[in-house]
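You will see two complexes here that share chain A, one where it goes with chain B and one where it goes with chain C.
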Partner chain A sequence: MFFKMAWRNLWRNPRRTTVILIAVVIGLWSLLFLNAFMRGAIEQMVENNISILTGHLKVQKTGYHSDPVIENSITQPDEVKGVLAKVLPKEARYTSRVRLQVVASNARHNAGVTLVGIDPEAEAEMSFIGDAPLQGRYLSADTPHKILAGRALVEKMETQLEYKLVLMGQDTQNEIASRAFRIRGIFDAELESTEKQYVFVLKQAAQDMLRMGPAVSEFSVLLPEGALLPGVAQALKEALPEGYRVYTWRELLPLMDAYLKMFDGFIYLWTVAVFIAMGFGLVNTILMTVYERMHEFGLLKALGMKSGWIIREVLAEAFLILVLGMAAGNGLGVITVEAMSGGLDLSAFAAGAEFAGMSRIIYPRIVLQDMLVANGVVFFLGLGVSLYPALKAARFTPVEAMLQT
Partner chain B sequence: MAIVELTGVTKTYQQGKVSVQALRGVDLRVEKGSFLALAGPSGSGKTTLLNLIGGLDRPSQGDIRVDEHDFARMNQSELAELRLFKIGFVFQSYNLIPVLSALENVEFVMLLQRIGAAERRQRAEAVLAEVGLSGLLERRPLELSGGQQQRVAVARAIVSGPAIVLADEPTANLDSKTGQGLLEMMKTLNAQKGVTFIFSTHDNMVMDYARRLVLIRDGRVAEDQVKGS
Partner chain C sequence: MHKKSLMMTLILMGLCFSAPAWAVDANEVVNRAHEYFRGQASFSVVEMRIHRPDWERGMTLKAYTQGLSDSIFFVIDPPKDEGNGTLKKGDEMWMYNPKVNRVIKVPPSMMSQSWMGSDFSNNDLAKSDAILKHYQHSLEKTEERDGHKVYIIKSMPKEGAPVVWGMQRLEIRDDDVWMSQEFYDEDLELVKALTTQKIKQMGGRLFPAVWRMQKADAKNAYTQVTYQELRFMEDLPDRIFTVSNLRNPRDF
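Right, the complex of A and B next:
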């Protein structure tokens, strides 16, 4: 009968109840949606960044990370390869690359780019270049004088397929090496900055040009799903001889790590903001109904109802509002996110978001944990603040309450 | 046997700097099975006295016992318990819980007494039939007339067989014919079931129903007469 009473009491003032219900619904919905949106954005951001030649792990020569010059290359790649083959889980992938800052030029323009010498087949499995839309063709073992360039770079340099780009950089002998490559493919990337920064040639071609012999700049590793990154990183560190360093993507992308933390903080702040707005509404509404029904509570006490029961009675009303609001809010949240599962196109704002490695299209994603947290906050804090009006109601003495005629 | 015993009861209300002496020393014994009217002009202290007997408020001085329970020794929670099981209340107005039907209003106290659903319902129906409301069980208070509402209140007050029923001007908001009907009904319950009633009034017609009439004036018992029935 308590819930029946609470339920009927709620609808004595349908407008007020509806308003506060809407507040709960919007609050919860915005929490869910924001969480889903952020979650989607973050995951894609991490994936994008990992696929832009980072991988989950990298092995480099000590010193390369802070000073990525050719002297800090891995001169005995077979040594590293052996360790990788031994230590990594079976399904893990890895590849080695040559990387160097060079200048690309043609008759009209110069641009600083990162030359990436790759093993085309292994690389395609590892990073974005394997899936990127490509005009023209990909590299293969017999294309030592061909190059892949990004769409934005090609446009900036006013060039096109089959035209030449000359790359210039410092070789192992401290001399300027240069070599001309013909554009075999133009790739599109998620981010314009990626298109402008990277050009791809065969690893062998890069090694020849820079007189590196078999040396490479780094090994990049992609772990199978479920593998524990820190554990693998530790095992690699122990197995590798002196002179190498292992980096996880969190170390390689400190900005990304900072962003993850910032987003967490942002979601937390938003949760607090939503909750404060909703909590005030809830307390106010219930307080109003409590004062309006003062003589009713007086009557209940006169009849022998103890304070505890009265508190329960008031909390039951808050409970119903919260549960109704949560049901609707969750439903609405799931529906909205479902409706946007095709992706939310942010290209209009992408220019600003791009530096963080955010995608142009975000796929919001609801995670059970986020949902539980949002609901938990709304529910328990909601009941918590309702305790205030409940205690007020319990404190009316029958005599003073009855005087309010 | 005295079901209510008051000795030297005073009550002073403090309103800011002004203190109002509502009761100035009341001694009163009420026997089981009484049908007693507290009569007196408005402001004489009737409501205050009933509130004290019902344990809704505490006296400034003096002792109050109801059904052998010494109020001075009881805390709020024990007083609530006593009200729940031993004392029925009928107020002048705002007697019923607006969101509950007549039947549910009567059932409600039994719910607090932790009586099972089936028994609650059966007893509530029976007592509502006794007060003549069989056809109106599902009506909400607002759908009942003033007289019918007071009957529901009486039904609720007596449903658990309390030691006393306290009624503060139960007929004040009713027209005289309806008021007489209510009093007749209370009197019948008193005669047939031995329910002890203490009710207050300032209406001469109502006083005529009482078997014992206690006149209150200026916070004191001015007259106490037992009338032949």
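Right, the complex of A and C next:
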């Protein structure tokens, strides 16, 4: 009976009801959409960063992390390899790399870059370079004098495929090592900074150039889906001999970790902000309808309706508005996100997006948890604030109501 | 003195005649010219003028060289920069700045920067002998100029050589005097050129006493080096070419 009455009461003034419905719909829609958008952006940021030569886990020599110089290389890679093979789950992948800050130069330009010596096949499975669009060809075992460079770097250095880059860096004997490489492939990456920063050569070539012997700078591990990161990291730590350190991506990318936490906080804040705007509208509307019907409520009371029932009736109205608004808002939100599942192209703002470390294309993603939180907050707080007009309505006495005419 | 130079000329002429143009070996010409330029060991005082469209700066340097690849320079004028020094041994370089009282080994990241604000890069100095090690020389043509034969030599980097240039073109006179050295990029476009402006009798031989380094795209900016004093000698003590001498230069 309450719902029937509430429903009829709502449509006694369709315009007003529609306006407040629209407020609820827009509020929810914006919550859902923004959440989905930011979720998508953040997840991609994390994924990007993991694929930019981070991986889920890294094993390095103690001290390398704070001082990535050649002296802090892993001189016995076989030792680490043995442990990795034993401890990691079967489907996990790992590879070793040589990394060093070097200077790349050609006749007209020079730039500081990170030289990455890779095992081409294993690396392709692990990091972005495997999927990156490549002009030219990828490295293979017989290309010790070839290099892969990013498009932005190639443009900056005004060079092209098959042209030479001379790399100069400090070798293990503290002398300046230099070696010429020819550009075999030009890769595109999500972020321009990646294109500018990394150049890839064969691991063997880097080791020869820097007189490192079999030494490498790090091992990077990619875990299969569902593997528990902290557990594996702990097991590795215990199995590795002294002198090594295991880092998880959360430690390697503290900024990402902080971003994720900040983002969670931000979602709640935003939800509350939207709600406050919406809540005032809701209270105001319902209060108006209640005062308008003072006479009615007085009459109902006079006829013997209990205060509790009146509260229930008013709350039923709020409930209906909220449910209708939520249904429409969720529907609209899901449709919008679905319509953008092809990705939101931010290329036009690439520089700005890049500054924030975001991808050029963002795929919004709805997460059930975010949706529940948004709906829950709107629903329960909505009902909560509606209690105020409902109590007002319940407190009218017949005499007061009569006086109002 | 007069007699000596006459003899020198005779010897040189003899050398020229013994190597007729059709049998000129470009590698040998380059080697000989480099040796002629550097001598066994040398001491010199040079003035370096850095010229820019709206300013010009000069400094005077004292330089010792030994063999093909070791050298040490000290700034002796202006007083503001006095004591600044650069030591080059093999492919490595150290710099000393008396104001901070520190010797730094020039790291790879600084090798391609300009040396004391001039048009020379640290690499130009550190790898001055790269032309001998990393290039394949071939004679492009021979020209007659002021009564001398000038060999124009095309030097292509050897495969895999760690040099940035796509080509160098050298002009060497038949009496082993360097006339010019041009640096080209991989598109074979001129990047910069070192040219001899004036040849004088110095240190007992005809020597390119004034030369100039100029970037191809900079019309009115160059660095010009003028030799004020030059002595060649048999040998210099090794202690000159040390880091401690860079910090505390002692005359010998």
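The criterion applied here is as follows: the second predicted complex is superposed on the first by the 403 of 405 C-alpha atoms of A that agree within 3 Å, B and C clash if a C-alpha of one lies under 4 Å from a C-alpha of the other, contacts with A are read in each partner's own complex, and residues count from 1 in each chain.
Here is the rule we use: a residue touches a chain if its C-beta (ideal position, glycine included) is under 8 Å from a C-beta of that chain, and two chains touch if they have at least 3 such contacts.
Keep in mind that what you see is a predicted model, and the values were worked out from it rather than measured.
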**Request:** In the superposition on chain A, see if there is space for chain B and chain C together, and answer fit or clash.
**Result:** fit
**Asked** What is the contact status of A:12 with respect to chain B (first) and chain C (second): first, second, both, or neither?
**Response** first
**Item:** First (chain B), second (chain C), both or neither touched by A:305
**Value:** first
**Request:** Classify the contacts of A:176 with the two partner chains as first (chain B alone), second (chain C alone), both, or neither.
**Result:** second
**Asked** Now for A:296: first (chain B), second (chain C), both, or neither, which partner does it touch?
**Response** first
**Prompt:** So, A:106: does it touch chain B (first), chain C (second), both, or neither?
**Reply:** second
**Message:** Tell me the contact category for A:399 with respect to chain B and chain C: first, second, both or neither.
**Reply:** first
**Prompt:** Least CA distance chain B-chain C after superposition, rounded to whole Å?
**Reply:** 84
**Message:** Quick check on my understanding: which residues of chain A belong to both its chain B contact set and its chain C contact set?
**Reply:** none
**Fill in**
Residue positions on chain A within touch of chain C in the complex are 101-103, 105-108, 110, 112, 145, 159, 163-164, 166, 168-170, 175-176, 178-180
**Asked** Residues of chain C touching chain A in their complex?
**Response** 91-92, 107-109, 111-112, 157, 160-166, 183-186, 191
**Asked** Touching chain A in the complex: which residues of chain B?
**Response** 51, 54, 56-57, 76-77, 80-85, 87, 89, 91, 93-95, 97-100, 104, 107-109, 111-112, 156
**Item:** Residues of chain A defined as touching chain B within the complex
**Value:** 1, 4-5, 8-9, 12, 295-296, 299-307, 309, 397-399, 402, 405
